[in-house]
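Data first, discussion second: the structure below is written as structure tokens.
For reference, chains read A, B, C, D, E and F in written order, and residue numbers begin at 1 within each chain.
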Amino acid sequence: MTRITVINPNTSDVLTETIGAAARQVARGGVDVVAVRSPVGVETVESHAEEAIAAVGVLEQVRLHDQETDAFVIACFGDTGVAAAREVASGPVVGMTEAALQAACLISHRFAVITMPTRTIAHTERVVRSLGLEHRVSVHAVDVPVHELETGTSHLLDVFAAEGRRAIEQDGAEAVVLGCAGLADLVDPLTEALGVPVVEGVAAAVGFAAALLAMGLGTSRASTFAAVPGLPGFGLVEEVGR
Amino acid sequence: MTRITVINPNTSDVLTETIGAAARQVARGGVDVVAVRSPVGVETVESHAEEAIAAVGVLEQVRLHDQETDAFVIACFGDTGVAAAREVASGPVVGMTEAALQAACLISHRFAVITMPTRTIAHTERVVRSLGLEHRVSVHAVDVPVHELETGTSHLLDVFAAEGRRAIEQDGAEAVVLGCAGLADLVDPLTEALGVPVVEGVAAAVGFAAALLAMGLGTSRASTFAAVPGLPGFGLVEEVGR
Amino acid sequence: MTRITVINPNTSDVLTETIGAAARQVARGGVDVVAVRSPVGVETVESHAEEAIAAVGVLEQVRLHDQETDAFVIACFGDTGVAAAREVASGPVVGMTEAALQAACLISHRFAVITMPTRTIAHTERVVRSLGLEHRVSVHAVDVPVHELETGTSHLLDVFAAEGRRAIEQDGAEAVVLGCAGLADLVDPLTEALGVPVVEGVAAAVGFAAALLAMGLGTSRASTFAAVPGLPGFGLVEEVGR
Amino acid sequence: MTRITVINPNTSDVLTETIGAAARQVARGGVDVVAVRSPVGVETVESHAEEAIAAVGVLEQVRLHDQETDAFVIACFGDTGVAAAREVASGPVVGMTEAALQAACLISHRFAVITMPTRTIAHTERVVRSLGLEHRVSVHAVDVPVHELETGTSHLLDVFAAEGRRAIEQDGAEAVVLGCAGLADLVDPLTEALGVPVVEGVAAAVGFAAALLAMGLGTSRASTFAAVPGLPGFGLVEEVGR
Amino acid sequence: MTRITVINPNTSDVLTETIGAAARQVARGGVDVVAVRSPVGVETVESHAEEAIAAVGVLEQVRLHDQETDAFVIACFGDTGVAAAREVASGPVVGMTEAALQAACLISHRFAVITMPTRTIAHTERVVRSLGLEHRVSVHAVDVPVHELETGTSHLLDVFAAEGRRAIEQDGAEAVVLGCAGLADLVDPLTEALGVPVVEGVAAAVGFAAALLAMGLGTSRASTFAAVPGLPGFGLVEEVGR
Amino acid sequence: MTRITVINPNTSDVLTETIGAAARQVARGGVDVVAVRSPVGVETVESHAEEAIAAVGVLEQVRLHDQETDAFVIACFGDTGVAAAREVASGPVVGMTEAALQAACLISHRFAVITMPTRTIAHTERVVRSLGLEHRVSVHAVDVPVHELETGTSHLLDVFAAEGRRAIEQDGAEAVVLGCAGLADLVDPLTEALGVPVVEGVAAAVGFAAALLAMGLGTSRASTFAAVPGLPGFGLVEEVGR
């Protein structure tokens, strides 16, 4: 049995459940998915300041669950804490943003990310640029606060569909990436509304993490992501997380 | 049951078997892998001219097996025919090069591709540039003809290890991508020799194709990869392939 | 006497004649231009799958005419088969796309390509990216099937002019590249309609090939485009081409 | 009187003093410089995990000193926390890395960063790429742990000079950026040893922050760096910092 | 006492005064600013041909004032003559364009330049590309001739505000750079009109030049900007300038 | 009869003759080549300051010969004055650097420029970046002053061959561009010594200019290179040139 732990970097139980459900839906043959969250921290991640706080929570969860898991998925669009988690986790770590962008590359020539708060466009662009995908992606936003996801996604279908149509017409987008965790329920209706594939990043990250595990691949320890010997103990980080 | 068909674009039975074995090793939970090859065409793909001929063979195999498969993997470093196959196949198509590069991104900051004939460096660079990864990859070659793979890979370990060490020292590579199909047997000994993860592209492509299938994702038909209505029938292409 | 052979990669006699006429118009001082086409293959090239088939036809024509020609021009927007042809031809090979883009760079700061089917925008972008010209070119499409060219181009003037005006206003284009072979008759009326230079790629490729010949320059055999020793004989390829 | 607060993101008193001294040396006409540090956190920042923890400490210091300061300088090569600090601080925030790279651009065509632990090359490359300077910078490392700076820098002159010479000879570097805070004492001897300008980032950041203040410029609140309304109170963050 | 000489590359006394006043407003603690102009040359710089003539005038002013100044600022958007001036001046030379772009990077994620004649967009793009900032800047123009600045800037507020709003809405610009010298009076009203920071390049260049001086940094003489031994004497250049 | 005027931007009669001879060698069918030089200015162009002075001389020659010529070629590696000349000349203007780089793209995958003084590498890189060719070119220098060309090129064969071999081995260069005017005599012996094509930029520029003329293409007047109405008369510029 292989276990993938999905870390929700905010403190919402509702979103943790939604994310876990989305992740489990793509788990295949012997892959067990568990979703966890930071006990304390920020309710949603919509700014660099919240990313900074959430990253420490992500690190804490990695340390808490490292023994019992084979791989981690970080379920925050913008991939906060992913590089740090790679240094701490024993197995591979996949960010939902990088996985979503890579999956979209495999099924389309050009595509769009539709993120939620406009101010987080910069967060997506950071991952896009780190992967070198500026020439294939355009980044849009519906400008809705993330906490609206707590009450479900169906009321968001129209704004996502409108923004998706804009991306298709203006940018020639041939697929759409959902730019936030917790939007899995939008995949089917949005696919139908837009007529192009819709990529959900948590699912992509779980699928790609499972692929890495099947290949026996883990994070390189050669240099950038080598283990960090003197990292402060749980004493400090648990304070953040409780 | 989900089927992934791996297409070896050259005519070697030995390499088709090696590739199929590598692919099956990463197949998990309900994924069935079949490896096929062009009946006629080129013995190995080491030039743009051979790529051109092989691409037609790839297309033919896609058409022959499309009904009985859920996804295709194209097992040729350089991804010849992948874009064309996307237009013809009903399900997703993953190239071994793009998948290998993406997998390497998930486990390392910088990495190197080690391909076989030096003249094919340009083929790898084409895929690297299409994905925008120039800033993370360096491309090396051992300058050995591909047909040497017919007699196994163990005699190649030393040259791959030497080139890998060069990439690690000179370019700061933290992982190595094997730049040719049929090299799966090198993964373990090379990992041990170099101390960094070694990525095999056929395995990566099978893993990522399985992930796409689990997510229900297929090639976008919106524009670039829409079906091609007037494509000449099997009459023509079978001539090439027989 | 210097001969440049222009290869039309589709099977249309009408287009072969149009292309030949356009090519001959720029031939100067001792340059003889011949236009040939694949005997069989695809009627038009509007997809990656058709590009794959057409590339083999291009290769065949190169082999058939290599002895009697000094240079080749490949008259297909997207430059399918150009890299392969460089390996096989004794003299230089110029693609109409690369030549058109380079010519446009010499007469304007920013410019636009107007191609025909929208789905082939990706083909143009491939050449643009290979040359590194993303910062100077925008790619547009009139979304008309290529076979319409068989009955001439005058009915297309209005759509090209409308798209050209859009490129001038929106992107600051200062010149327009015709993104398809067979459009030479549009150069004069479109120049007049738009007030900016209009570049026809077949003419550009013939002019640049003549320049290479005058300089005594041919394809480098050092590595990427070295001759391909074991390429399958005419037996196979002639089947495709007849 | 204008005050610039320099935040040392690690917990070393020695380094805080060194950094403060370096900063004060470039303060001119009415600029008062204060150097502070996180009360708890990491002793040095040499990994992404330490960056994550340090970023929260940076944020805390910004909140503690925001009322009494006009601008902040973040004195950590890699600029951890700078984007987050921009959202929280009332005045402008300048990272030592971005300022050092910009200063080097004003006095040289190509230059090199020499950082300390090799594993942090990726951190520098992140800032380089965010600024788009890949074509002008090469990144080197002496591979010495940061804590060695606690006992001064004179024993490091030789390794920095050797690496600097390598950058000058191999990459054509015409200036050198010191890739770590706390190295100000190396500026003069290294300038003499190498014969090219040596840029110290804390000084550059203080100088540029003073320039922004003189111009009346502060962080744009339009979108990316707008204030963060629901950021958790000092209760949480102080835990991290104590 | 430190002196920064601001060179206005055109021959307008009015603009020289405006530019000098803008520069003096940011001079702090012991920095003395002097503004000079070419005695003859072009009235405004709105083309590459005028840039060529103006560059020689810039060079002449550098030679005339080099002994009595510590640093130069070149007050022409497009930075004509800056590289040449670096070779001739004893102290550092800062172009208003590069300084403005760098300052904007420190306070915003994305920003726009609004230049005056549309034809000079290419001049701004040249500096943007030299710094590698294409991913963060969009370049706009109000298409007003530069000589209109002789009668002040207040009649230009509306067109700049309109273009600024377009940049904010269409490109997500979070700050605006004034793309011409002589516009300092627009900073305050435009900031108010747009609600985003407005960057004036002469002020930025003076501030950054002062920072370089405080750090003791001058142009690297290692290679690109080494002194030019055989440069023709004042005899020639003075002809141009008189 | 079509006339192309080649402008040597320095004042050497010897080099003007060498350049003219090289240019005439590629002139075909009805193309007449004339080589001219600035009457006064700089003896060689090896710095930005000399480029600035030479650019005005180039402009003057364009104005003097515009009536009697169909196109101009600027024979200075670095293409100083080319953009300005485009605004002033009635016909097309081709720089030797851009033409050489484009010709090399048509015959090789990767190539190297070998320029003369090391300090001018930055000048070549400026044109490379303007064309977007960083991924295909590496720039080398033999570090020999340009005036050595006055006594011929045969004594330079060895250093060029040594540097060429370095480019072939280290960078995988498959062709070499001579990075200075006046080196045409090196083409044949260097081609033989290196076994790769050697591109001479003046010849390439003449060939490409002839191609533009045959196509009826001239500089776009739409925006960037529109005519410059108020350019100071010959009174000023002739002073520079005498």
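FYI, a contact is a pair of C-beta atoms (placed from the backbone, for glycine too) under 8 Å apart; a residue touches a chain by one contact, two chains touch by 3 or more.
Given the structure is predicted, the values throughout are model-derived calculations rather than measurements.
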| item | value |
| --- | --- |
| Partner chains that chain D and chain F have in common | B, E |
| Maximum centroid distance from chain B, chain identifier (CA atoms) | E |
| Chain separated most widely from chain C, comparing mean CA positions | D |
| Centre distance in Å when chain B and chain F are each reduced to the mean of their C-alpha atoms | 43 |
| Centre-to-centre distance between chain F and chain A (centres being mean Cα positions), rounded to whole Å | 52 |
| Inter-centroid spacing, chain F versus chain E (mean Cα positions, whole Å) | 29 |
| Contacts with 2+ other chains: residues of chain B | 109-110, 118, 121-122, 129, 134-135, 172, 223-225 |
| Topology of the chain contact graph, where touching chains are joined (line, ring, star, complete, other) | other |
| Those chain pairs that satisfy the touch definition | A-B, A-C, A-D, A-E, B-C, B-D, B-F, C-E, C-F, D-E, D-F, E-F |
| Contact footprint of chain B on chain F as seen in their complex | 109-110, 135, 172 |
| Contacting residues of chain A [partner chain B, same complex] | 26-31, 92, 94, 98-99, 102-103, 105-111, 131-136, 168, 172-175, 195-197, 199-200, 203-204, 206-208, 210-212, 214-215, 217-220, 222-225 |
| Chain D residues within the chain A interface of the complex | 40-43, 46-53, 55-56, 58-59, 81, 83-84, 86-88, 118-119, 121-122, 126, 129-130, 223-226, 228, 230-232, 236-237, 239-240 |
| Chain C residues within the chain A interface of the complex | 118, 121-122, 125, 129, 134 |
